[in-house]
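The following pair of complexes shares a single chain, chain A, combined with chain B in the former and chain C in the latter.
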Partner chain A sequence: MSGLRSFVARRLLLGALQTVAVVLLVFALTEALPGDAAVALAGDQPDPARIAAIREAMDLDRPAYERLAGWATGLLHGDLGTSLTSGRPVAHYIADGFGPTLLLATLTLALLVPIGFGLGVLAARHEGRLVDRLVSSVTLAVYAVPEFALGVLLVTVLAIKLAWLPPTALGYGTDLLAHPAALVLPVLVLLSRPVCSLSRLVRAGMVDALASPYAAHARRYGVPGARVRYTHALPNALAPAVQQLARTVDWLLCGVIVVEALFVIPGLGTVLLNAVAERDVPVVQGLAVVFGVLTVVLNLGADLVAHRLTPRAGVAA
Partner chain B sequence: MHDERFPGLRRRGFLAATTGAAALALVGCGGGTDDKAAGGSGTPKRGGRLRAAFAGGGASETLDPHLANLFADVARAKALFDKLADYGADLSAEPRLAEKWEADKGLDRWQVTLRQATFHDGKPVTAKDVLYSYRRIADPKQAFRAKASLEPIDLDASRATGERSIEFVLKRPTAEFPNILAAFGAYIVPENATEFDKKPIGSGPFRFVSFTPGRSAVFRRYDDHWDGAPLLDEIEFVVANEESARVNALLGGQVEYAHELNPTTARAHEGKGQIEIVRLRNSAMQAFCMKTDRAPFDDKRVREAFFLIADRQELVDGALSGAGEVGNDLFGKGYEYYAADLPQREQDLDRARALLKQAGAEKLKVTLDTSAVAAGFTEAAGIFRDQAAKAGVTIDVKMGSKDSYWSDILDGGTLSCYRSGAMPIEAHISQRLLTDSTTNATKWQHKDFDALYQQAQATRDKTERAAVYERMQRRLYSEGGFLIWGFADWIIGTAKTVKGVETKAPANTLDWARFDKVWLA
Partner chain C sequence: MTTRRRFALGLGVIVVPLVLALLGPLLTGEPGPRATSFTLGGGHWLGTDFVGRDVWQQVLLGGRTVVVTALAATALAYLVAVPVALMSALTRVRWLEELLMRPLDVLLAVPSLLLILLVASVLAPGAVGLALLVALVNVPDAARIVRAAAGEAAARPAVEALRMQGESRWRIAVGYVGRSALRTLAADAGIRLTGVLYLVSTAAFLGVGVAPDAADWAVMVDRNRTGLFVQPWAVVVPALLIVALTTGTNLLFDAALEKNQTDKRGRRP
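Our next item is the complex of A and B:
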């Protein structure tokens, strides 16, 4: 177990370094973008005197390293800083955007796991037969459709033509749970591609495992088919699927901009998009920290689960 | 970021004020009747809640009316607050909180009398509130947008001469002083108000109920509004940056009013009976901006050649999907003082070629700056490149960043895409065409032109003033730096139940995005 502990410690340290690197990179890139918050705010009225005044009011006239250092000092005290454009705390931005994002991610995940694994196992069980072909071709076809296209299609058919569901979550704010109907379409769109990739991964893993010598051996010993499938073959198929799942959760939490924009869900993706357009560097940096930490933690979790499922494979640190 | 795949996903931001879309509707239709869109028929009915979707500014939005920048900001500000004056359909100033104004002989002292109006907390609107509001805007430590507009006022010398009367002292004669009172963002707030996001108090037709930046703002009818209580009980502003989301929400009955729709959307739904499309015609000025202080546009023959290269109808059809009409290289079609008598300029490639030859600019190569900052910009650039090729001019289209575009093209480059919303012609001149103008993108700097502007501002008689403006416009028409090829429609969608939406209301004018006269059938 001590090997595992040192692995976790190493990974956490590496993760912290990675997050710092991401923040530095994001800062450098945001600085490298043409224009700054003052220029973005001045918009179509780029009166140089006004831009200078805004710049001064925002403290943008200080050198970049000073601003970064000031922000980093605050971060050590748990302070993510304040937005340049509104003067409100960055933590509020993230907290406000996190609710809808988390809700969507949770719902999507809650449906993704049973559907993805179910379809994968189903296809693997019927390998080469009609069910398998059907599942495989439908998942491949759906996977090929970009989210926004699927979203537009679903809205047009289910919300506008048939009027079964509300087309957007406009006006519901953060209280999305009170309007479950508005969540159906976004979750469907979010599910579409991950379900396909996950079920295909599970199917492939199961098929491999079922064709392996140890599965054949187990069958020769008279172990029932279900037990071979679920206690011997499935865990082997799970390891890659868990990693894929971690990537999906990461994607869901770190802002699904297309879906948020299409359905007017004010999540983290929207916050990020606005912050970049406004050159609101503290908000962008705050999000970079949150996304960095999330990514590190999720991947670490996935590695640990994969390790638990297939101990023999060892852990690649 | 996925926004390249999703071209609508651009910030519609900062075009409200000066560059917003104007829409002088029905200019060509003659008749001064009070046509309302969405069927103004029937007796206005009280009650109900209207939900209006606008593109907004995300979590950074504020209700501080002096910080208003986006269309959504202005729509909210005008519901909660009033200005002393506001723009009518022809961009002339109409009295609002000011009951009347009167200049002294020299046009540099103005007496303004306020009407009897009250703030939402019951306190009367007084001269002190007005002076506080203007001083707040003009604070040198701040960067409020209206500061430049208020510049002619000497606020230290101006004073309250009574509870409801103010004497404004100006730094120089200003015949168009009422335009200043109507300036974008010059809202009147109660004396000493500094905080607007918790419980803002204004004197506007609606009072504050709730506000979540980037999501929703709910206001309720203010029964004691001086202009009569609104017909609606409540108005809710919701934010949807994606045009398709605004349309879908409207079609799905989630909102009753969707601001800023695409021409293609309008065409798809116009006359289909599901929703009403309101076109605020002759609106956002669409132009190419030539820098007149540098080669090749420092030669007026080259500028004239470019005027003649443009096939304006093709630009309107292609870049605006036909939702607009052609321009005549002059700003403010249909507005007060517009020189409507000048002949419509048409494409004339032979003459353009001859002019370029005279100027020694054959085989001319120019870079045209454009950006996805406004609808139709990149399309217009592509179309104009092809038109110019026919006259032997090679145009290299250069895409710029949309977040810093306006600042980039102010001093940089030689030729760029440009657009502007409604403002009085006088304001267009003072902000963009004088030697000391703050946003002089064409670098039009001529002492004699400046002198004409001063002359107009010192002319009391309106007819004489109009004659001076006409002289200035003739000059711009023949050798100015703005190739103004069109005026785009501003498109709004409403539910069938929404009545009383004004069609003759360019964006930024009083009746645009005005909800106190709107009602639900």
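Our next item is the complex of A and C:
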């Protein structure tokens, strides 16, 4: 038990360090770059009044470490700062974009788990036969395709040529649940890469587990095939898959940004891209911290679950 | 499917985008006068794009940036990751090892596209900047994998023997440990190149590291989307080429990997 406890302690410490590192990195990348940040941020409109306004709004006259301290204390109190362009609090931006992104992420995860495991088990059951070869080849091929390329091709065929689905979610606002047809393509595109990686992992784990001596022994005892598969083999294929599920958080995040841009969905990804385009540094910083911390926490959770499932394997910490 | 057939399939898929990307810029003539936006026909084989340029000519020009940036970023990532990993595997100084590898563990937590967008919000990185950024994002993972392979080789008795023979550190690191890790490196390189291609093209689609009217397949997909209803070819052709490029890379490396299968516990899910 002490082994487990020390693992948890070490993993939590790493998580805390990663959180601090995310905050430091976000600050360093956006504010501590050489040169005059205000001039760089004013960009296309190098108007002295605007430069002065940016300098004032971001407190650029104060030394970097003081600004970092002020920003980090604000973060601890839940204060993410205010936008440079509109003067609204960053928290409002996040609250606005949160709904659609959460909906997309929830739907994708809810479908990802059954489809990924289903395809993996299906391929493993028919190992070496046509179904397996088909699933393996398709997942291998789709795994590498960027979401935007797959997305526009699906839009061209399903939305424009066949007119089955709306090409974008434009005009539906944040209430996407009222327009389920507009959600089909975004979720399909978001699912494409994670489903492939998850099902390949489940397949590999299941193939190993089904070929193991204990599975053969269970069969010799006359345990039915379905029970061998689902109660004996599947749990052993689970641990690597759970970890992969957490790694897909990174992909889902990239995917959400791209999919929201592609289908004009007003979520956090769109907020982030708009802020990047407008060089609205406080909004970018706030969103980056939220996304970064979310990734750290989810990875932490997955490592702990995976460790609980296979204490022998030893997860990096 | 047999490995050989998969290999052939991968080659078949990748050859069109690769040839277009590498030789395309040599085949384009002088850019003609600009026509009306989003038209079909009129001497333009694939129609015109959002500013009235010939789409076929843009397709010929647009692959090079994607391929070259991705290759440069992959090479750069290893240029940093391999020395760090070898040094950390061979050093006997515990704190130096921690100092080299721990910061990378922490960096792994930051989502890759987020890091690129963060920098893009302050600077406007060009193609070189994008390659550097993508390389930076890939260093932690690459270093960890090479470190694991090199660490195993560095613990072998042969290394101890080489040390006692008085071989130089350089000779041990490059000649023995590095060579032992080469196979893992080769396996990792394929997966990494696929990931880098994904990241480079996605960043270009989001407008990072490219001019807004650049001749680049990903930029073409983004900018010509507005004309999707009237002139789909300006979007479909570059999108298909990107799909073929990424899929082909993945299929090819997967088949090559299986051909000289040594390490069954590959990272690929």
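Here, the second predicted complex is superposed on the first by the 259 of 317 C-alpha atoms of A that agree within 3 Å, B and C clash if a C-alpha of one lies under 4 Å from a C-alpha of the other, contacts with A are read in each partner's own complex, and residues count from 1 in each chain.
Just so we're on the same page, contacts are C-beta pairs under 8 Å (C-beta built on N, C-alpha and C of every residue); 3 or more make two chains touch, one makes a residue touch a chain.
It should be emphasised that the depicted structure is a prediction, and the values quoted were computed from it without experimental measurement.
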Does the superposition put A:Val138 against chain B (first), chain C (second), both, or neither?
-> neither
Pick one for A:Ala211: touches chain B only (first), chain C only (second), both, or neither.
-> neither
Between chain B (first) and chain C (second), which does A:Leu25 come into contact with in this model arrangement: first, second, both, or neither?
-> second
Considering only touches as defined above, state whether A:Pro146 meets chain B (first), chain C (second), both or neither.
-> both
For A:Val271, is the partner it touches chain B (first), chain C (second), both, or none of the two (neither)?
-> first
In the superposed arrangement, does A:Phe263 touch chain B (first), chain C (second), both or neither?
-> first
Look at A:Arg50 in the shared chain and tell me whether it touches chain B only, chain C only, both, or neither; answer first, second, both or neither.
-> first
In the superposed arrangement, does A:Asp250 touch chain B (first), chain C (second), both or neither?
-> second
Using the superposition on chain A described above, determine whether A:Ala163 touches chain B (first), chain C (second), both, or neither.
-> first
Overlap of the chain B and chain C interfaces on chain A comprises residues 33, 40-41, 146, 148, 152, 155, 160, 167, 257-258, 261, 273, 275-277, 279-280
In the complex, the residues of chain B that touch chain A are 1-3, 5-6, 9, 11, 13-15, 17-19, 51, 53, 57-62, 69, 140-143, 145, 147-148, 212-216, 236, 238-242, 244-246, 248-249, 251-252, 254-255, 400-401, 403-404, 406-408, 410, 420, 438-439
What residues of chain A sit close enough to touch chain C in their complex?
-> 14, 17-18, 21-22, 25-26, 29-31, 33, 37, 40-41, 133, 137, 140-150, 152-153, 155-156, 160, 167, 197-198, 200-201, 204, 240, 244, 249-250, 253-254, 257-258, 261, 272-273, 275-277, 279-281, 284, 288, 291-292, 295-296, 299, 316
Contact residues on chain C for chain A in the complex?
-> 1, 6, 105-107, 109-115, 117-123, 144, 194, 197-198, 201-202, 205-207, 218, 221-222, 225, 228-229, 232, 235-236, 239-240, 242-243, 246-247, 249-251, 254, 268-269
Once bound in the complex, which stretches of chain A touch chain B?
-> 33-35, 39-51, 53-54, 57, 83, 85-86, 88, 92-93, 96-97, 146, 148, 152, 155, 159-160, 163, 166-168, 170-171, 173-174, 257-258, 261-264, 266, 270-271, 273-280
